[in-house]
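Per-chain numbering from 1; labels A, B, C and D assigned in written order.
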Amino acid sequence: MVAQHVKTVFQEKYRGVGRMLIACPDRPGIVAAISRFLYENGANILQSDQYTQDPEGGMFFMRIEFFKEGLEDKIDDLCQAFIPIANEFGIDWKITRASQPKKMVIFVSKEDHCLQELLWNWRAGDLNAEITMVISNHEDSRELVESLGIPFHYLPVTPETKLEVEKRQRELMEGNVDFIVLARYMQILSPYLVEHYRNRVINIHHSFLPAFIGGKPYDQAHKRGVKIIGATAHYVTEELDAGPIIEQDVSRVSHRDDVSDLKKEGRHIERIVLARAVKWHIEDRILVDKNKTVVFT
Amino acid sequence: MVAQHVKTVFQEKYRGVGRMLIACPDRPGIVAAISRFLYENGANILQSDQYTQDPEGGMFFMRIEFFKEGLEDKIDDLCQAFIPIANEFGIDWKITRASQPKKMVIFVSKEDHCLQELLWNWRAGDLNAEITMVISNHEDSRELVESLGIPFHYLPVTPETKLEVEKRQRELMEGNVDFIVLARYMQILSPYLVEHYRNRVINIHHSFLPAFIGGKPYDQAHKRGVKIIGATAHYVTEELDAGPIIEQDVSRVSHRDDVSDLKKEGRHIERIVLARAVKWHIEDRILVDKNKTVVFT
Amino acid sequence: MVAQHVKTVFQEKYRGVGRMLIACPDRPGIVAAISRFLYENGANILQSDQYTQDPEGGMFFMRIEFFKEGLEDKIDDLCQAFIPIANEFGIDWKITRASQPKKMVIFVSKEDHCLQELLWNWRAGDLNAEITMVISNHEDSRELVESLGIPFHYLPVTPETKLEVEKRQRELMEGNVDFIVLARYMQILSPYLVEHYRNRVINIHHSFLPAFIGGKPYDQAHKRGVKIIGATAHYVTEELDAGPIIEQDVSRVSHRDDVSDLKKEGRHIERIVLARAVKWHIEDRILVDKNKTVVFT
Amino acid sequence: MVAQHVKTVFQEKYRGVGRMLIACPDRPGIVAAISRFLYENGANILQSDQYTQDPEGGMFFMRIEFFKEGLEDKIDDLCQAFIPIANEFGIDWKITRASQPKKMVIFVSKEDHCLQELLWNWRAGDLNAEITMVISNHEDSRELVESLGIPFHYLPVTPETKLEVEKRQRELMEGNVDFIVLARYMQILSPYLVEHYRNRVINIHHSFLPAFIGGKPYDQAHKRGVKIIGATAHYVTEELDAGPIIEQDVSRVSHRDDVSDLKKEGRHIERIVLARAVKWHIEDRILVDKNKTVVFT
């Protein structure tokens, strides 16, 4: 019921709204060609952001939000019509319908503050997503999740069963996932999953990366005596905590704060940073450029 | 010598770089027309920002940074060529050369932290400006200003002489000013100056507007017991402290801070906020929309 | 069940811990007298904060956290023993047991983000409170509240029934309340309630006070074109939005944000600011000094 | 002349004001003993901060600001009188006169923004210091420094002359230094200096430590694609960038910022963080606890 309500809100809000994402080597005439294409195809530009890495030989990134009457039925034609321009400029692109909810799978372990935050944002109508399932290696969140009509899968993990469990996870998600959120999921995904969902798995790391990579970052932060702690949302890659950073934020601490205080304060940052990253991903605001992100906020 | 050095830096950095500012009623085809115009006139878009207030009947704002070989000699032709498009869409526009320093006049009273900050930023090569003069109703800053080769005019003000002094100020600035910065100038400009330099006088108000309008904002803040203080840079209008806000920032305070502590902490915010506003003005990043600003950072 | 768990956590954590709050005219020897008193009564100081307004004729504020074996049974004796010192220095004081949960009543209307935040913090073991009831003029939050075993009272308010409803509210709370949190309760309390619970009603105002007092602050903020929005937690007094400020925080916005964006962003600040204020109130960290607060964080 | 003015301001402001710093194993009765001592010696406590690491076997830290008529002449007697208490509790302690300026030596290389900030704060009467000299391996800042009547020593460094130069530096400072500020001094001090001035050399590192230790932190930050950059003030120890952190702060950046933008933005954070750390050091607000700091702000 919540799901249906959220869906209806966004279908109304984003009727006719499309998004075009562009990445290509920079060269004169790109913007002119694209804006002309949109104009001639009856699409009115609502918002446009671009980033030129380096006019001489760098990459060009662009995100356009446009309105086109009846886009819902005509998006295939629009994509078809864009192919010649894409080929001419060597563009890596996609055009999406803003009203189309993205299928989101949330992984969580015991700590549920990030999960709660995502659910709260979703219920409040901030995330145009269909939460197709929550997967956890603990039972703790079942009640909360199921009370919202969302399927909950309990899949405990041991070193021995890890790969088997990941196969099961992938089966469950098959056809039911656009992107995955690791909302404080305390397991490291193996390359089997990471490769398959490249740039589609968002993790929240509980430190200000690249400081305190790996386990127990708040213990590390306390030991080092930092005066500010942080959290980092990033796409997951094979290398631990080294994927493209989407968003970071921080909070001030002092000598009075012990490790448990840092954890408590950190939870506030983690959930906010993760929620922002998820929202931006859903709204097609993030382009990955090698090991970095271009975020059009 | 500083002045010459700054000028040379920016002439090199911004060779061939132009900026186009656009404001007009929104309507389909604007972006296409403008980007086509630039492309056909050999201008490559480096950066583009736009803001659509409301696709139905709202205003459309745009800032484009472009590169055109030899722009320095061809800007008049470019402007001429743009007139038909401007007329077609009813555009309020300007095209500037980024390498051209803006003539900046700084007004200051006794407190010199904002003046110092601007001078420091200028010397560090952050502000593409020619500081044509500093005008003050006190002698305090003369040595500092003149040591940098900048003319300093001491013009004391009394209620009786105010209008006469403003006439003298305007004479001094005639032909020597693109915009004015009130860097903690503790006099209220009369409409005589305000009207003449509309949207070209930047003031720093030492509070988080619209809280604590008028005099002694830190005393007011202390009395009210706020936990955060702020500063606001805005364009000056006839109504005191009510002009379009360009930038604001804040800092945390506590019950321990007395009025003089607030003032000290406030100085840090004031100078940073003012320096940002001045930089954005110089870089043509601010468009005024009635009593608000659109700032493309 | 949640309630019982929270209670147990704090009874363990704060066994033997007491808090002493002091306010009196400043004068030499106060700290010596108090610390000697505690020492001689077997209380070891864990944390001490003080604030001297002005050594010449100002007020002196102090908060001490101490450990005394078996405090739970001996607090009355301790208070009794302190009376002579209190009289000597003219001290306004209280001694509390940190393990004793405060009885909290939450008022809420339709928007539930602040209520959710408080409940989340409470469940996470951050708030040593017993939530004795939630009172609302809407039915929306009933399910959430009752699912946690907390009584929910639906008391709709009209201008005609207001006073009658407040009487009913007071009856319900009689003996069941230490302090009240207005977690986005969109009714103005009448002096009947405000006087009775002086310095015990915490409100969250959705602006950076004293800017945008009164209704629709986000609309006001949008109209003024501010670049930063805020929220303010304060004790409620007879004068609207003018009570002692406990905590404030802010968030950056831009010309792109319309009123509904400000509201969304504002919700994040509101809930965090309110949660901090409630936590500090529960932990006896706030002393009210006329129309201001001294907050020992 | 500036120096004399600053000195006079603080002599007046802090007449009779003393500071007592305490570090010892925690144990009941410390506060009582100390506050009784102060009371019986005619010292009125103005401000007191304390931190108990762990009541069971941890360390206890305290900073007291007090007023004692005629302290200037009686500080030796006061210290003498305190020795028995210090011995009883095993206290590591000092008592200072707040009116006594600390002798500060500033080291700087080419970039002068941190130097300028310190000089500006000093002239504004925020730092009760006597700047006895500025030492630089470049000539760039000579004019600025000497214009304020401060001795400037140009001591270029090569790998071959490093130790010899450090000997020279130490000779120059002999009897003329209480603490040293490395205001963007791009040379690593050898243990010869570090050991001699333990916990008395403050460095500003241009990253959010422990991220980006070592050289070119902004290049590292850009390469990693962080969304926030920072700066860290710390005491210098033998291990590079690993000394006790005094203060940190951060600033938001985006994909648009290249390395030179990060450097520019970073300069703002560096100077503010360093200025805070220096001020706290001067005001005896920092206690070093192994590899961490306790900062009583």
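Methods note: a contact is a pair of C-beta atoms (placed from the backbone, for glycine too) under 8 Å apart; a residue touches a chain by one contact, two chains touch by 3 or more.
A quick note: this is a predicted structure, and the numbers were derived from the prediction, not measured.
Relative to chain A, the chain whose mean Cα position lies farthest away is D. Chain A and chain D touch with mostly matching residues; of the residue numbers seen at this interface, over half occur in both copies.
Between A-B and A-C, more C-beta contact pairs join the chains of A-B. With centres set at the average Cα position, the gap from chain A to chain C is 37 Å. If you average the CA atoms of chain A and of chain D, the two centres end up 43 Å from each other.
In chain D, 51 are the positions where the chain touches two or more neighbouring chains simultaneously.
If you draw each protein chain as a dot and join the dots that touch, every dot ends up joined to every other dot.
Residues of chain D touching chain C in their complex: 28-32, 35-36, 38-40, 42, 44-52, 55, 67. Of all residues in chain C, only 51, 208-212, 224-228, 230, 244-250, 254-256, 289, 291-295 touch chain B in the complex they form. The touching residues of chain D, counted against chain B in their complex, run 113, 116, 120, 124, 126, 147, 264, 267-268, 272.
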